[in-house]
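What follows is a pair of complexes built around chain A, which joins chain B in one and chain C in the other.
Presenting the complex of A and B:
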């Protein structure tokens, strides 16, 4: 006799994870190396500013809203901060996740308590829903939103929602089943990661540095 | 038929007071998650029930389940309840041996056909009958023959309930659970390696007192009263899990402080049992209290569920080999993709034709 929930959990922990990690690593390497190998044509003109310094500075300054933009799109900025911070806290400071990272690469750090993790996760979900709402409410954003945007938003929120349900056994949830669904949802995110705009989590630094250094070379703001 | 004393007689013989018996019934009612008002009914039913014949079949097992049920520090009331049934066949406990023992089984079956209770511990090998035989009869044949006249079957221990350790990969004997063979009889699974003694005796007592229909089971055939919640949810170390305090080794400060054993591979979050509340050896302790993570022994395939000492959140497959392959493959694909893009760019550049304003004017 088998427990189908446990079989699903074991598939997620074995074959499912192997496939997802393989696609994630291979896909990210493919994307990043493709960009790096393509390269740029060498600019022989003398730089007017300091491209390297401005490139590095832009990596950080692009995380701060430009003057006046916070008022123009408050939900986008505040929701964006809350989602990213909440996701990062829930992912990086839960004991079970640290155990996973320790198993993968052999490093670990102190865990946060359940109250902080769950608050961060819940706020991230609320922020994600708010960000989704702006895609519907704002006509311009609605016109710009495609299927992949909704897919990426859903894939980002699912691990948070399933994790919250699994830990708190909401709606009488079976922990084994929901732990399996949680891991599977994270694996779906891993698979989609290299081939959607989620790749920005890895390429954002390259892109910001590139934009900053080009402007720096021209002596312009970035 | 020989005289089989009723429970009051046995109580007197064992020096157990009526007050002690009623306290047991109240405890039993509570353990079964039944309304308190049912305690007197259970007491009455146990006192007045005729001792049913019980045939205990031991197949591919280690006798741990029998050891557990007899380790109730006689003469406890659980032991007494065990005496309240007529245990007509049990390899380890019966005095008779050889042909006499087998005759006892057949006699009990004939005398109580359709009404006796079969308790099974151990899995059944299907690959070769010779892997496990009793008196020249294969486990498979004996189970089928004995189950035919049974009122119900109780599969005691994870081997009988789910295949257990003999069923573990690569399952050299083709071991299966009772429910994989018998499909036309009610089967109650009481898994555990071994099960908690009071869980075994309580289920039998409930069967005697309130009937088979009163035992509500989950999708794996386990009584919900004992297998309704995970060990994690009832664990006294749960607050440490919630606080993010974990033992990282068996001898570190966390272990000495009694912190959560999740990172040492505890399967409490996915294991349903009352180990954390009922405990063992008269409520003395249970594995997690003794400092060892739960192995998840009340769940199917617990032996093959990714390693006893790996946390539940960690992968249990061959991701390192796959990951190395992904590194090499991804790097190769990335460089090839970049090179292809460069080639496309170079081709576009060489195919580029210069256009001046005169050419444009001429075309129009």
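Presenting the complex of A and C:
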């Protein structure tokens, strides 16, 4: 067999992946370090609440919108949930992905069935497109949106789309090219991760902690 | 680069810390903060989106505090902040943000946008872009002891009148009492009934207290203007007076940012913890009520609603206390939508009410509050901040609702029904 895309797939699975993973990990460490080294002054005001406990609690509680908020921006909230959950399900519960993670760090868990994963991936793509649409249609989001936002959206959707095409052999029985493109798109996402707004997937925990701890010291809600 | 711009940028650099870096790193420009901001919801203009008000600070962080940004800057692709940009942001940072804190509570990634606006003001004022009204108030406070000038003569007259009508003695510069009472200029000038209210309640509760001739003013324009140096000096005067009088605590009056300044920012401004307690007047009244030292008789039957001052509830953590007190004296107390932590601002906080250029937009922004009052059919709005009180009255008058809706301070209301 002489498949012209075989070498590309092999490079993506080996050297390409190693490069992307190295940049992802080193880049994220750098970004987190960049934040941490700035430090913050010790707060001398006598605490009324527990800043540390509330900081950690807020990392989780802020995942739920405040009462009444959902209805003021339904597409942003629902689209956000569907995109993040769909992406997470497709990424974390596909057998091949679990095998890859197992290979890297020796941890594994049961895979989900194909229908669930494909539905999750499809919904995530639809949600991503809806979120993109509001970046054009909503004046506030349009004003805030820059190149970085479009890049991040495109890079997040590409692995889902290419993965769906490859698994379902939508463009012919030979998966080689689409699998290579799928892996390369995932690697593009990994490389861009530390240098774009994708970093929020890690730093949001720090931001929520700080928010919760600042409010928590005062005995105020967060 | 001008010397003032350099000074402003350096002041802004001093404000960038780990929380700020984590906030800017996490923003995904979702725009949800706009929906929480009264200046956006009432105008529909995207320029009032809270996170946008920090665009210059974000650029400084990106260009100077991230590796990629530094590389970009080295390649000549950085975007240093200019004087013209700072000038154009004055409207966004001072006139259309009351630092009310609603955006901070809805941001899905947890950005404390309000705290960053407070920090942005440090850079703005150091660069000479603080509103002239705030700068003038700071000058008066620094020179004469209060943002409205020296109000001791006026307070002296109030003290003489109250002593005559109530037979109570009001202490001035008395050492060793329980509390030092400080007031906001607004209370001395406009809502001075609160002084008699406190005197009567404390007398009944057995709380001893004094005024200080060295520290009367509770407000702190340094916090609103964004000048740590001014804020430190003004807080320092109050702290020194309390230490000199050897009181157990300071009562922070019905004033939102005064509480924020003294209780939460103060120790950090002066660089040490206090050897005394700072208690908000409403916290203290609630404590006295729970101890059985504040008893009331009778109830107000008008339809009352409560306006939460942002700096006291959302940013200050005092939420249940005023409600417990209100329920003691109000027979017909109704809450507006979003009451409590997510209460909407009166539109005048954070110094906005003192900026002439902000008058039109803040009255427009009051529209939300106005609809909420009308929705519950309020006949009286009770609050626990003299400046909110002032802005509410002025705004209700603007909308010709002042005949229908009365505004009252909670301490004054409690004193009206004091069981004596």
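In this section, the second predicted complex is superposed on the first by the 217 of 222 C-alpha atoms of A that agree within 3 Å, B and C clash if a C-alpha of one lies under 4 Å from a C-alpha of the other, contacts with A are read in each partner's own complex, and residues count from 1 in each chain.
Following the convention adopted for this analysis, contacts are C-beta pairs under 8 Å (C-beta built on N, C-alpha and C of every residue); 3 or more make two chains touch, one makes a residue touch a chain.
Quick caveat, the model's predicted, so the values are computed rather than measured.
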item: Chain C versus chain B on the shared chain A, clash or fit after superposition; value: fit
item: Which superposed partner A:36 touches (first chain B, second chain C, both, neither); value: both
item: Chain C, chain A and chain B - angle at the middle CA centre, rounded to the nearest 10 degrees; value: 170
item: Partner chain in contact with A:14 - chain B first, chain C second, else both or neither; value: first
item: Chain B versus chain C as contact partner of A:142, first or second or both or neither; value: second
item: Where chain B and chain C come nearest after superposition, their Cα distance in Å; value: 6
item: Intersection of the chain A residues that touch chain B with those that touch chain C; value: 30-31, 34-39
item: Parts of chain C lying in touch with chain A, wherever the complex brings them together; value: 16-23, 25-32, 34-36, 40, 44, 46-47, 49, 51-52, 65-68, 104-112, 115, 263-268, 271-274, 277, 313-319, 337-338, 341-342
item: Parts of chain B lying in touch with chain A, wherever the complex brings them together; value: 161-163, 177, 179-180, 189, 220-221, 230, 232-233, 241-246, 260, 262-263, 269-270, 299-301, 304-306, 310-319, 322-323, 325-327, 329-331, 333-335, 337-339, 341-342, 345
item: Residue ranges of chain A in contact with chain C within the complex; value: 30-31, 34-41, 43-46, 48-49, 58-59, 62-63, 65-69, 72-73, 76-77, 80, 138-146, 149, 152, 195, 197, 199-200, 203-204, 206-212, 214-215, 217-222
item: Complex contacts: residues of chain A adjacent to chain B; value: 1-3, 6-7, 9-10, 13-15, 17-19, 21-39, 93-97, 99-100, 103-104, 110-115, 117, 169, 175-176, 179, 183
